[in-house]
Amino acid sequence: MNHTRARAIAAFASYCALPACASSAAVVVGSKNFTESIVIAELYALALERAGMRVLRRLNLGSTQITMAAMARGQIDIYPEYTGTALIDVLHHAPIRNPAQSYAYVRDVFARTYGITWLDRSPMNDSQGLATTQTIARRYHLRTLSDLAPIASRLRLATIPEFTTRPDGLPGLQRLYGGFHFASVRTYDISLKYEALLHGEADVATAFTTDGAIATEHLVVLKDDKHLWPAYNVAPLVRTPTLQRVPRIGPVLDALSPKITNAAAQAMNAQVESEDRDPADVAAAFLDTAS
Amino acid sequence: MNYLIEHPARVALLAGAHLALVAAALACALAIALPVGFALARSERASRAVLALLGALYTVPSLALLALLVQALGLGPAPIFVALVAYAQFVLVRNVLAGVHAVDPGQRDAAIGVGMSPLQRALRVELPQALPIVIGGVRIAGVAMIALATLGGYVGAGGLGSLIFMGFTLHHTDEIVAGSVAVCALAIALDAALRLAERLARAH
Amino acid sequence: MSGAAIRLSRVRARYPGAKQPAVDGVDLDLQPGEFVALVGASGSGKSTLLRTINRLVPIESGRIELDGSDVMELDPVTLRRGIGYAIQAVGLFAHMNVAQNVAVVPSLLRWDRTRIAERVDEMLELVRLDPLRYRYRRPSELSGGEAQRVGVARALAAEPRVLLMDEPFGALDAIVRRALQRELHGIVRAAETTTLFVTHDVREAQRLADRIVVMRDGRIEPPESEFARELFSDA
C-alpha cells in the first residue's frame, strides 16, 4: 500500500475517530497549524507506524492553545512542542537561558500538572525571530535586534496574532530592547507570515528560524543579541496514560529525535513549501535516508 | 488541478466524508425543523418571533459560532455538525412553514372532516402536499451546508475543508484548488439531485 | 348498527367578527335512520348548521346531542370518523389516488387491507365508476362530476351511522344525478343511516327525504309559514 493511499485512509479514519475510539488501539498524532509542526508530526507518526503501531493523524489543528486543549480532552495523544513555547506561553514562566534546564523544568511541571510526558528533545532550535529582506537590511543597516529597536517607528511589521500578545512576543521585545514601536502592526494567518514582506506591504516579519522560506527567499534573520528568546527545542509530548498503555512509543521516538537538526528541519520545510511536496513523502524520505 | 489528477482516491474519500457529514446534519436539521415548522404554522405571532430568532442566529459569523462550539465540544466533527444543524434551521423552518401554508385550506378542512387527528393530518395530508417546497428548502440549505462544512477542516473534522486548509498551511495552491473544485462539484451535484426530487414531488 | 339520533337544541353559531349569527337558535331532532333534507336560499345558514354537527364549526350556545351524548364531550376525531361528510367542493386529497381517497376513513379505522380493497370497489361501483378504470386515477384527472361521485363514495365507505351531505350532486348531469339519488336512497334506507341532506333543489329534497326542513336567515321556518309554502308550491 503506497503512502498516498495510506494517507487517504488515515485521513478518512481520522475524521471518524472519537476519543473513545482512539483509546481502543490506535495512537493519535496531532500537530499545530504550520508546516514544521506538520512535518515533525509526520516524522513521529511514520516512525511509530514503521515500528508496528496503529496511528491516526489529526494534523493542522491550530495554535498551542488548541493542541493543549486537544491533549487534555484525549482527542490527540502525541504532538510536537517547543521547550521555549511551553515555558513562556503555556506556563507563563520567565525565560530560562540554559536549554537543558529549560527542558528539565517544563518536563517536570507538565508531568505533574498536565499528566503529559516530554520525551527526549531534538537538537533543532526553532526560535522566534524577526526577518527582513536583504534590501531593507542594507538600507537601514540592520544586523541585530538592537539595530532595529530604535528605528522600528519607520517600519511596518507583519506578524501573527499570537506574537502581539505572547510575553515573549512583541511585548517582550519592547521591554528588553526598548523601542520596537512599529509604524504599523498587522496580523495575518500563520501561513501568510512572509507574504506581506515579500510583496512589499511590510518591512519586517515575524519568523521561525527553521522556516524554509528563509533559505529560499534569502531573508535576513536579525540576531537576538540581548537573548530575549531562549531555546525552542522540539520534543514529542505524550499523554502519560497513553505512554503507559503503549510504552514502546518512548524508545521509538527517542531514537528519532537526535536526528532532527536545524539543517534537517529547514530542508524539509523548504521541500514542502517551495517544492510543493507532500509532508508525508518528505518525512518518509528523511526517515529512509536517516536510518 | 494536478492534485486532483494525482490523488483522485484521496480527494474522493474526503469528498465522501464531507458529503456524509452534510447529509447527516441535513437529516438531523430536518428532524428538528419539521415538527417546529408544523407547530409554528398554527400561530402567526409565534412564527414571526421564532423566525426572527433563527434569522439572528443565521447572521452570527460561522467562525465565531464554531469557536464557541469547540470550547464546549472539543475538536472533531461534533462542533461543525452542531453549527450546520443550527444554521440550517432558518432556511428549513421557513420553508416548512411556507409549505404548510401553501396547502389548500380545503384539503385541511377535508382532512379534519374525515376524522384525522392533528398528527395524521400533518403526516398524511399536509406534509405530502408541502413536500415540494420543503425539498426546495432542503436543497437551498444543503448547498449552503456543503460550503459551510469546509470550515470543519479548521477544527479537525476532516472532509474537503481539511484539504483546503492543509493547502493553505503548506502553501500548496494545488490542494486549495483541488479542495475547492471538489466542494463546488459536490454542491452542484447535490443541487441537481434535489431539483430532480423537487420535480418528482411536484408531479404528485 | 343503525343510525344515531341527532338532537339540536337552541344552537347558535356565528363566524368570527360577524354581526349576525349564521345559525340563530335552531331546534332540530332527527330520529335514528331518518332522512331529513335541509332547504333554503344561500346564506340561510343551512351549510353552517350541517357543519356544527361534526364540530367543523364551533357553536356559540346551545347543545348538540348524538344518541344522547353531548358532542362537545366526545373526542372530535372519533366523532368525525363515525360521520360521513360529503360537500359540494368535495375536497378530495390531491396527492392520493381515487382508491386511497375512498379508503381514507376505513384506513383510519384500521380495517384490514382486503376488507378495505373490497369496500373501495363496492363504493366505486355504487357511484357508477368502474373500479378498474378509476382506482388509480388522481383527482386532477377527474371531471367535476366524477370527483363528486368519489366524494360520495368516500363519505359512505366506512358505513357511518350519520351522514352529512351538502349539495353532493351539484356537478352531475340530470341522468347520473337521478341514478345516484336512487342509489343513495337505497343505501341509507338499508343501513338505516341518519342523514341530513342540504340542498337548494326542492324537488331533489322531496324525492329523497322523509322530512323537509326549511331555513331562512339562520332559523328554521315552520312548515306552515308563507315562505315555506311558496317554496313547495314552485316545486
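Order of writing sets the chain letters: A, B and C. Residues in each chain are counted from 1.
Methods note: a contact is a pair of C-beta atoms (placed from the backbone, for glycine too) under 8 Å apart; a residue touches a chain by one contact, two chains touch by 3 or more.
Predicted model only: the values in this text are computed from it and were never measured.
A.B. asks: Where the centre means the average of the CA atoms, what chain is farthest from chain A?
C.D. replies: Measuring from the centre of chain A, the most distant chain centre belongs to C.
A.B. asks: Would you mind checking which chain's mean C-alpha position lies nearest the centre of all protein C-alpha atoms?
C.D. replies: Closest to the centre of all protein C-alpha atoms: chain B.
A.B. asks: What's the distance between the Cα centroids of chain A and chain C, rounded to whole Å?
C.D. replies: Averaging C-alpha atoms per chain gives centres 82 Å apart.
A.B. asks: Cα centroid separation between chain A and chain B, in whole Å?
C.D. replies: Their C-alpha centroids are separated by 37 Å.
A.B. asks: Using mean C-alpha positions as chain centres, tell me how far chain B is from chain C in Å, no decimals.
C.D. replies: The mean C-alpha positions of chain B and chain C differ by 45 Å.
A.B. asks: Enumerate the residues of chain C that touch no fewer than two other chains.
C.D. replies: Where chain C is concerned, no single residue meets two or more other chains.
A.B. asks: Please set out, as single numbers or ranges, the residues of chain B touching at least two other chains.
C.D. replies: none
A.B. asks: For the complex, give me every residue of chain C touching chain B.
C.D. replies: Interface residues on the chain C side: 54, 56, 77-83, 85, 87, 89-95, 104-105, 108, 154.
A.B. asks: Using the touch definition from the top, list the residues of chain A that touch chain B in their complex.
C.D. replies: Contacts found on chain A: 4-5, 7-9, 11-12, 14-19, 33-35, 38, 58-62, 66, 69-70, 73, 75, 189-191, 272-273, 276, 279.
A.B. asks: Under the stated contact criterion, what part of chain B meets chain A in this complex?
C.D. replies: Residue positions touching the partner: 6-7, 9-10, 13-14, 16-17, 70, 74-77, 153-159, 162, 165-166, 168-172, 174.
A.B. asks: Which bits of chain B are touching chain C when the two form their complex?
C.D. replies: Answer in residue numbers: 104, 106-107, 109-117, 120, 124-125, 128-129, 204.
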